[in-house]
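Two complexes are shown next, each including subunit A; its partner changes from subunit B in the first to subunit C in the second.
Right, the complex of A and B next:
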């Protein structure tokens, strides 16, 4: 088990690593900039000082790279916390925003909003409702079958995910190929290439409020993760507490989908990785998972825009890294059980 | 009175099976009550009703004079500790963290345990002699150690009564006796104790009152020495169990006779044994033998 100081130093190390990654990401790309230069630009802009000499470098850093970096950090953190929260309240380490169908539900909501030619806020509301509807169905199926097993919830997630996938196919089929289809596909594959500060700013209130609520109830997520009966005998109103947690983590996922579309594997794998670093207690896990997720998505997004000549969708890279990592986790768990 | 239960009946709606039938009992402050009964008679159901986890179809449960169905989980948890049958949780929280969760009914919503709560958890670990496990993952300790951790968690709730659902199930002989000793010890510290068990001998060891939940869902309750008789044991378990005073341990023990399966000679001898007149050892049990 980990002492308080070890956990604190791990978090400080992650924070430092994140800072290094941010600077690195500001520098690399088709227009390379030295780290010193990028820091000067950042410093000058934050404190409103005189513009540095290279106008082009400033445009690249402040106009293109920094919004992407901020979006990657925020969305990586949001998806990881969302995944960790779902895993806690369902006392099931095998669930995540994508496995529960939340991501695809939110994606459908966004697609419907696009078909109705709605604006940013409209897309956000539809994405949230779609995600919430999906997770409600996923949780309802094991209840109807009166099964409490971990596998049943995962299977139910697959059912809902499959259904949402077909619905999304239908929406793509009826979408206008000239205008709407491309943006739906963009949403489905996950990308940060069209991110701008206003879009990110519009989801920030939802993300900040959900994060504060989830962090302040993190100890209670531990109690609920003991199981419904145990938590009730400890005086917890399980239904109410769990619903608050589901609302907040669905809001986090839906906000992430609004900005970057669906990014798979992150919400499943990052909490496991963070658990290996700081242990399973959610008071420690949630902040660490947020930092690890931020670093991971930033690295992946930087890779997506620098590898090859054209942009690579994020889900391709997260899948290539996430799937083998999850297989390794399962292997490790099995080894421990025997 | 801590508990006053009147005319309680419970039916599982999906199975359309009624398990408790007009059950009434009272539990006084500091009392020990063991609940015996065959498989499926509803022992756990009764405890779940008493903990407020299940709502009975008929009848009422009063906790300190207050109707249980009007109380919140939090109000109940401040008075009632419930040691359910142990199960392995999904995450390997440290034993200390696990035990600290027993403070939940006394921590405000959205709050976190403070130093005083952690101290209370540590004291409970000390009482049960498991401080060496404090930083071990709960998923990696033995069944007996888990049972002690769950009991410690119930203690830090600071309840008035602790319900134990088959606390000795899945434990080896040594741990069974250790857990019974802990339960006895807790009764001496002033907690009221309700325990379900499959082993009538454990009820005899613990003493106090005994409730028998029959196949028809009816409950008989009384002092251990009056309720547990060989006739009743035969009726509950459909098999012969003997009550024998054992001078070496100065108590009455409940033990099964020799197994009657196997070769015919053994079975024949058993019949002979039944025909001989009762030896002083197998005379009927008088209440004095229980002392």
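Right, the complex of A and C next:
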């Protein structure tokens, strides 16, 4: 059991670490700007002063780095919180936005919207509906089979994920190779290269509202993870709480997919890491998970844009880091059990 | 009960959630108009994505991350002003030695910060990738979109880039060569009756992948007086897979292959494979790579007229001899680069 003060200081430490990462990320990149110049540009823009350096440097810092950093922080936090919420609601440590098929469902929704030549709003609505449909099917399969084991939900996720993968393949097959295919692949691979503030701003309301709801519901999620009967005794409407939580987490994932495409592993691994830091209670876990997720994606995206001569898709890096890390977590858990 | 009011709250929340959705993730059209302040040193051009772009009257540097755009700039004789590129072929370095020291600014898509560092006068890219074009434009770098899928577009792209890069005369000459050679090939073969025309397939990087009627390779075949057996394949895909069985059914007179590194087969393997031995093209040794060792003769660009002429010589050597063909190849490179290249080096 972690004490309240320990959790608070961990969160404060994470917040400070995030701030340091943001400042550091602001100062690195392929365009040669000294850290001091970057900070001067940022300072000048925030306080409406004249920027001291050349125009291009200002565009790089304010137009490229800042939106990417903000997007990485917001999306890292959103995916991680979404994963933590799914894990709490399903009482299953093996689920995550990608394992439940939400990410691929959202991706398919987005792909359909692209094929229908819809614009940003349409893509977001379709992404959300696709994600929701995927998670509904994933949850429905174990119910139909009258099984509520953890394994069944994971298997069901694999079924839905596989189906969604094939559907996405089909959509790519019929897409116009010159125009539509590239944007579908872009969604699928996950990247923040072309994020700008208006795009990020447009999903912010959805992300903020879902975050507030999930955070204010975290006590109820805790109660549900004790077991349905106990929760009912405590007066929690299990079904409704669960549905709202699923809706909000799906909205978080869909919003993330809308801005950055699908980014694997983060939603699965980061909540586990946060749980190691602050314990399993959602009231404590969710803020910590959000902070760790933000730091993680920011570091990964900064690496993606600075390493190599051209940008690396995010899912490559999150997979390379996330998969071994998850294996290590499983190993550690097993050691504890024995 | 404490949670009785939750039903109403949840309905409200859902409505709120849906409302936030409708604010949408509106895609940002970069403001291209922001730089339209008229200066005597700039000109406004309409690119092939239909965007009005202000470019310096005298373009001194250009960056690109899309292969075909490189061919255009090189052929226009402007390889020496390239300051950022995606891939440097041996050919590119040979015709523009300065490229040896030019760094990458992205692969297929622009790496925005690397591009900002290079700060070229213009960025040339495919018109369909408006995301890249708008993002680059937002950096204050004029971004020109070109289309080079059809022969008509290819001519338009050459004209447009000639104008922007200050090589209008060169563009006119190249287009004249391109049109003249295409007309020449068409005229030379126009009297061949349909049943005596050579039948052809153009095969991609895998056995059974062929060029359909919408692709530039098909245009090369038809211009050279051949019949592309796969011209009626309906596919949005580039290089759709029809399968080897379909190729046996067509049994074309000629098989022209794409010379990709990393292709799933080689012509030598096919010739040795007994199951292919009965194909007419293999039996008669009428299977060959379209020359693309250095310059890409089957890629969008004025150099693709050489692809047509090569096919013409392959299919109808009695009408168009090898000597004539070599003369035309040398004429093209003299026109474009002021020099001729070794036949072996070019790979034909």
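Keep in mind that, in the parts below, the second predicted complex is superposed on the first by the 338 of 338 C-alpha atoms of A that agree within 3 Å, B and C clash if a C-alpha of one lies under 4 Å from a C-alpha of the other, contacts with A are read in each partner's own complex, and residues count from 1 in each chain.
Here is the rule we go by: a contact is a pair of C-beta atoms (placed from the backbone, for glycine too) under 8 Å apart; a residue touches a chain by one contact, two chains touch by 3 or more.
Since the model is a prediction, treat every value here as computed from it, not as a measurement.
Chemist: One more residue to check, A:283. First (subunit B), second (subunit C), both or neither?
Modeler: In the superposition, A:283 touches subunit B alone.
Chemist: For A:305 in the superposed arrangement: first (subunit B), second (subunit C), both or neither?
Modeler: second
Chemist: In this superposition, which partner touches a larger number of subunit A residues, subunit B or subunit C?
Modeler: Residues of subunit A touched, subunit B against subunit C: more for C.
Chemist: Quick one: is A:198 in contact with subunit B, with subunit C, with both, or with neither? Answer first, second, both or neither.
Modeler: second
Chemist: With both complexes superposed on chain A, which partner does A:64 reach: first (subunit B), second (subunit C), both or neither?
Modeler: second
Chemist: Between subunit B and subunit C, whom does A:237 touch in the aligned arrangement: first, second, both, or neither?
Modeler: both
Chemist: Using the superposition on chain A described above, determine whether A:48 touches subunit B (first), subunit C (second), both, or neither.
Modeler: In the superposition, A:48 contacts neither subunit B nor subunit C.
Chemist: One more residue to check, A:210. First (subunit B), second (subunit C), both or neither?
Modeler: second
Chemist: Can you give me the overlap between the subunit B contact set and the subunit C contact set on subunit A?
Modeler: 235-237, 241
Chemist: Which part of subunit A faces subunit C closely enough to touch in the complex?
Modeler: Listed in rising order, the residues of subunit A that touch subunit C are 29-32, 55-56, 59-60, 63-65, 119-125, 128, 173-179, 182-183, 186, 193-194, 196-199, 202-203, 205-206, 209-210, 213, 235-237, 240-241, 243-244, 247-248, 251, 255, 258-259, 305, 309-311.
Chemist: In the complex formed with subunit B, which residues of subunit A make contact?
Modeler: 1, 88, 91-93, 146, 150, 216-217, 219-220, 222-223, 225-227, 229-238, 241, 275, 279-281, 283
Chemist: Per the contact definition, I'd like the list of subunit B residues that touch subunit A in the complex.
Modeler: 14, 51-53, 72-78, 80-82, 84, 87, 89-94, 97-98, 101-102, 104-105, 107, 109-113, 135-137, 153, 157
Chemist: Inside the complex, what are the residues of subunit C that reach subunit A?
Modeler: Within the complex, subunit C contacts subunit A at residues 1-3, 6-7, 10, 13-14, 16-17, 20-28, 86, 103-104, 106-107, 109, 111-114, 116-117, 119, 126, 128-129, 131-132, 135, 138-140, 149, 236-238.
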